[in-house]
Amino acid sequence: APVPEPALQVAVATEVIPLAKPPVRKLAKELGIDLRGLTGSGEGGVITRDDVQHAANGVAPSPAGAQ
Amino acid sequence: AAKPTPEQVIAGLRATSEGGADLVQLLTPEGERVDSPEFDRYVTDIDGARLRSLFRDMTLVRRFDREANALQRQGQLGIWVPLLGQEAAQIGAGRALRPMDMAFPSYREHGVAWCRNVSPQDLLGIFRCSDHSGWDPVAARFHPYTIVIGNQVLNAAGYAMGQRFDGHVGDDDGEATICFFGDGATSQGDVHEGFVWAAVYDAPLVFFCQNNQWAISEPTERQSRLPLYQRAQGYGFPGIRVDGNDVLACLAVTRWALDECRTGNGPMLIEAFTYRMDAHTTTDDPTRYRLSDELEAWKLKDPIERVRAYLSRNGLADNDFFEEIAAEADNFAAEIRDFCV
Amino acid sequence: APQLTIGKALNHALRAAMEADPKVLIMGEDVGKLGGVFRITDGLQKDFGEHRVLDTPLAESGIIGTAIGLAVRGFRPVCEIQFDGFVFPGFDQIVSQLAKLHFRSQGKVKVPIVVRIPFGGGIGAVEHHSESPESLFSHTAGLRLVSCSNPVDAYWMLQQAIRCDDPVLFFEPKKLYHTGSLKETVDPTASPDPLFASRVLRSGTAATLVTYGPSVRVCLDAAIAAAEEGTSLEVIDLRTLSPLDLEPVFESVRKTGRLIAVSEAPSESSLTSEIAARVQQECFYSLEAPVLRVTGFDTPYPPTKLEEYYLPDLDRVLHTVDRALTW
Amino acid sequence: AAKPTPEQVIAGLRATSEGGADLVQLLTPEGERVDSPEFDRYVTDIDGARLRSLFRDMTLVRRFDREANALQRQGQLGIWVPLLGQEAAQIGAGRALRPMDMAFPSYREHGVAWCRNVSPQDLLGIFRCSDHSGWDPVAARFHPYTIVIGNQVLNAAGYAMGQRFDGHVGDDDGEATICFFGDGATSQGDVHEGFVWAAVYDAPLVFFCQNNQWAISEPTERQSRLPLYQRAQGYGFPGIRVDGNDVLACLAVTRWALDECRTGNGPMLIEAFTYRMDAHTTTDDPTRYRLSDELEAWKLKDPIERVRAYLSRNGLADNDFFEEIAAEADNFAAEIRDFCV
Amino acid sequence: APQLTIGKALNHALRAAMEADPKVLIMGEDVGKLGGVFRITDGLQKDFGEHRVLDTPLAESGIIGTAIGLAVRGFRPVCEIQFDGFVFPGFDQIVSQLAKLHFRSQGKVKVPIVVRIPFGGGIGAVEHHSESPESLFSHTAGLRLVSCSNPVDAYWMLQQAIRCDDPVLFFEPKKLYHTGSLKETVDPTASPDPLFASRVLRSGTAATLVTYGPSVRVCLDAAIAAAEEGTSLEVIDLRTLSPLDLEPVFESVRKTGRLIAVSEAPSESSLTSEIAARVQQECFYSLEAPVLRVTGFDTPYPPTKLEEYYLPDLDRVLHTVDRALTW
């Protein structure tokens, strides 16, 4: 799929920003992943590197690996 | 009963008085020369030509002031700080300076700037809001205008200490510094500290207070019980009150004070008793706080008119001279206008 | 209820406070007959007398220092500093005494003083008349700082500040004092918002603008302009600068993911630095872009022919919004 | 020649002088009573009992001071600021106060604190570094110690303005304020501004300057050309120099000044000419900057010894009395020690 | 080359500067015979005379204000402010004149003044003797600020500051003045690092500590303690507080992903806020945790019986490192 203009669309479209630390956002950007589509496996629903990596690999993140 | 009576206070301080018994005056408002055994000798060189020159200084400076005021009204300047009425104090003090002396102005000393050869164009930058100070203060020996009330007094004290540390004080060829501030400024801590420092370091500094009777809307009673020149008493250096509308007296007294300083007897305080004939600045409205009577009374003491009267009465200047100066003033004003518009 | 400018609202507030409490005094340079150089105290000396509206000697340390003594005696002085740049001669009394007496005396000495400071640029003035020194005071523990941006707040916040038992520095957006287009109906019977609370002025979704005082108008205008181009900006008026009330800002950032802090003051070690520092910590996982700032430059305030380039304006704010959106 | 000669300066200012011709003294260093037509009437009530009481005040305060100094040396206090030598100035001034009067100290006024019933224990918190001010300043009418030189002078001026605004000034029942500061403090802008404000608002404020000859290492010549009481001349209120080691004179002069203030003639400046017999604080080393000769000269003018001599010579106190006070002082010191250790 | 404490190194630096340039003056309270309350000017009046080492009247506005005049006259005054808390009476001259004259005069007036300020706590002193006012000056455009943390820097930085044509506020970690264990060999023939540059004191990989002045020791000690537990910390000494030299900090954060800024000053609107604000912007995508701060509290400085709870110490720094590592 073509990479969307992530920042603009995300900001306008969501009510609550998907939680992720900046380097993870960067990774998502680089891999063309829209964080809105992900469920964070980190504490409090934070999206982790693994979550992004798995999404990029087309694999669902394992809840067990969250902690 | 320690407190002076209200009458004493008013006699000492207020605008409508003549400035009190201690006032040094060489030229009355009517243009009559008054003898002064003490100060005559400081103006023995002021012959007809030199007095005409002082007249010219004051006239041109006033014309500059009025032109700038008009330019402000027309939107060419952001603000103007009029000197109207203070020409004698500033030209008298300014012309007493020697080239190597240093001057620290507040923000109203356009007449002193003129004497330091600061061009009106360079000076106007501040009021056109295009710079904070347009001249070379080192070359002109005229510090940038200082707006924060009192600050420059300490800076001047330091400079004068430096003149002494450099060994440039002690005889007739010595250097001196002059510092200008207003009646309102005398309340500021910095002015006091300037007095303390200058006294302790024997600094060759003339404190020149133009008491123009008003600090914006506040009369001198809001700052002091006693005439301001008496402030010096508490510090151990002389204070003197001069008729600030008498250019000859201002010249004489400032020369005396500068001489005392350059020979090592500084500091000195001069209170030039004068009047701010216009508003504080072009944004001010003096009708809110003072009566026009007061202004009318002071018009009779106009600093320029008394010199005109003296020159005429003594045959030192004829009509041609006055017309010539008027024409020069017109040209000068036109130049300034051209520059701004 | 009258339609008032910010300047008039402040004047009404002073009058109301003086009527409500005979211990309230006004002190400052030219606050009497002249009514202050901005006329904020207009008419008060005439109506309340010279012992309640004091034209003081010309010295700011004196104004603050004697106000402290008067406060210790039981008065509630409201000091006017004529212009922002002239608060510095009074800085020592503010920092060493005003801010510390309550703490020093373990709460036994109260100094309920309000120091009104007209601040900020945009009036084409000469040097020292356009400064924004608020960050110096927000760094100083022991002081409360507030700033109003509209007539209704001006009216209420000043009265609340006067009633506060702690010292309050009250920053007034001088360039808006007499702006007729900002006039608001001020209803003296209404009940005001709390003094030490921020307020969301406009809600939005794409990014948040947080500001105070004179820059509030700039941010609101920017939000309107952005809306026209389809970008929805949230605007928060801090109102209280110390203590900061950042909860509404955090909440907003968790929603928008982007924050721009706007102030006329130089950025270095300032309130906007503090906001950025706190928000990046509190909203770390929500930030889609770093907190950005639009401020005056780190130079002395320029000659006012240049001030339009110095002050945050619509273009700089919108440009920075774009940077945040495309980070 | 405006400047005073070095001799004049030194005669006016320096430690080893007697304080000059203007010095008000009621009790000589030898304990002889000097008549004063002007000030005797302010101490007519000081009979034997009352003088013994002043002796007791000074003795206990000195003992407290010495104990605190020792406690600091033993690490029980972080720092101590000795008052040694200034007991007469502080007890004289402190005992002149009425309950409703207000006092603003600097940081060395332990003797005044004593007169305001501030307990030594409450006072010591500052020096034990466990608080910044331990007493209730409102209840005691004794403001917290102020360390930033000069600040309290403006605060005191404001308080005194408030006394006037409250209508509590104007007759013998009026209130007054006293403010303490040192010789060094006179250079600070805040002290000047305090003078200006108090003068302009006719504030019932006694400026009480303890000239103990030193501002840490700097002698008074670093601050002024003239004796400090003369500073008042420039502001239009009286200044007076009192022998600061003469408790009777300090009491009389302060009562006079407070009375002038409460009846509406304030402000007033008192310079108490005294001597800091110990170091500036326990962290100071005065041997670096002053000769022990000076201290020896001042020991002959000890404020307590002259009262002891007067009491003995006039049969107003016998040995029992002195022993009793000595014992009380010992107990007092023990209490303080117990509290700290 | 001698082994010197920071205090002695400063004394040697002053002597060297006075020998090198007859225009260098020393001014302040008790700087003459006493050699200053900390003895930093010890022996200088004896050797250079009363006209080069001035025991001034007791007023800080006077000290700064006359130093400015002396500088305009061509001197290079080095002013000593006796303690941090006493800089405030001189604040106005610093902010309104010292910081602005060069700018105001379009570069024609130079004011090469150094204001030496012993700062910070930890000496068990009474009120006003333990403050950290540097952020107030870093917010003020037109001033340069530096702070030394060791004898070699003390020796060179002070001389460099005196040679600088701009005004420099020189913050000295007073509690370390006479710490014998910090003695270093100061070689007057060596060539110093540039004045306005930060320095990485210790390199590490897990997180970065950035600090200045007295807290440098605390951070170095923390790094040593952390190393024992296997955590590698990088430590940066800012040295220059204005202008800030943050490039080395950015570089470090890009490597470690974590930054803790440490200072004794209250955090609100401070230098550490500024560092956080700048780093979160410049290193946004590198931050594994928000920039955290360990600072004094936002209260007036407490009675010194309590100062150990107020000042950043090893435990608070390490605890904050843990928070950053586990964010």
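For reference, chains read A, B, C, D and E in written order, and residue numbers begin at 1 within each chain.
The rule is short, and it goes like this: a residue touches a chain if its C-beta (ideal position, glycine included) is under 8 Å from a C-beta of that chain, and two chains touch if they have at least 3 such contacts.
Quantities reported herein were computed from a predicted structural model and do not represent experimental measurements.
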Mutual neighbours - chains that touch subunit A and subunit D alike: C, E
Each chain counted as touching subunit A and subunit B at once: C, E
Farthest-lying chain, centroid of Cα atoms versus that of subunit B: A
A-E or A-C, whichever has more C-beta pairs in contact: A-C
Subunit C-subunit D separation of Cα centroids, rounded to whole Å: 44
Centre-of-Cα separation between subunit E and subunit C, whole angstrom: 31
Geometric centre distance via CA averages, subunit C-subunit B, whole Å: 39
In subunit E, residues with contacts to at least two other chains: 56-57, 59, 61-62, 85, 88-89, 92, 96, 100, 103-104, 127-128, 284, 287, 289, 327
Multi-chain contact residues (two or more partners), subunit A: 21-22, 25
For subunit D, residues that touch 2 or more chains besides their own: 131-132, 148, 187-190, 193, 196, 200, 222-223
Pairs of chains, among all present, that meet the touch criterion: A-C, A-E, B-C, B-D, B-E, C-D, C-E, D-E
Subunit E - residues contacting subunit C, complex: 85, 88-89, 91-92, 95-96, 99-100, 103-104, 127-128, 135-136, 138-142, 242, 244, 265-274, 276-277, 280-281, 284, 287, 289-293, 297-300, 327
Residues on subunit A engaged by subunit E in the complex (per definition of touch): 21-23, 25-26
Sites on subunit E touched by subunit B in the complex: 25, 51, 56-57, 59, 61-62, 64-75, 89, 92-93, 96-97, 100-101, 103-106, 108-109
Parts of subunit A lying in touch with subunit C, wherever the complex brings them together: 7-8, 10-12, 15-17, 19-22, 25, 44, 46
Contacting residues of subunit B [partner subunit E, same complex]: 104, 131-134, 136-138, 143-144, 146, 148, 151, 153-163, 165-166, 189-190, 193-194, 196-197, 200
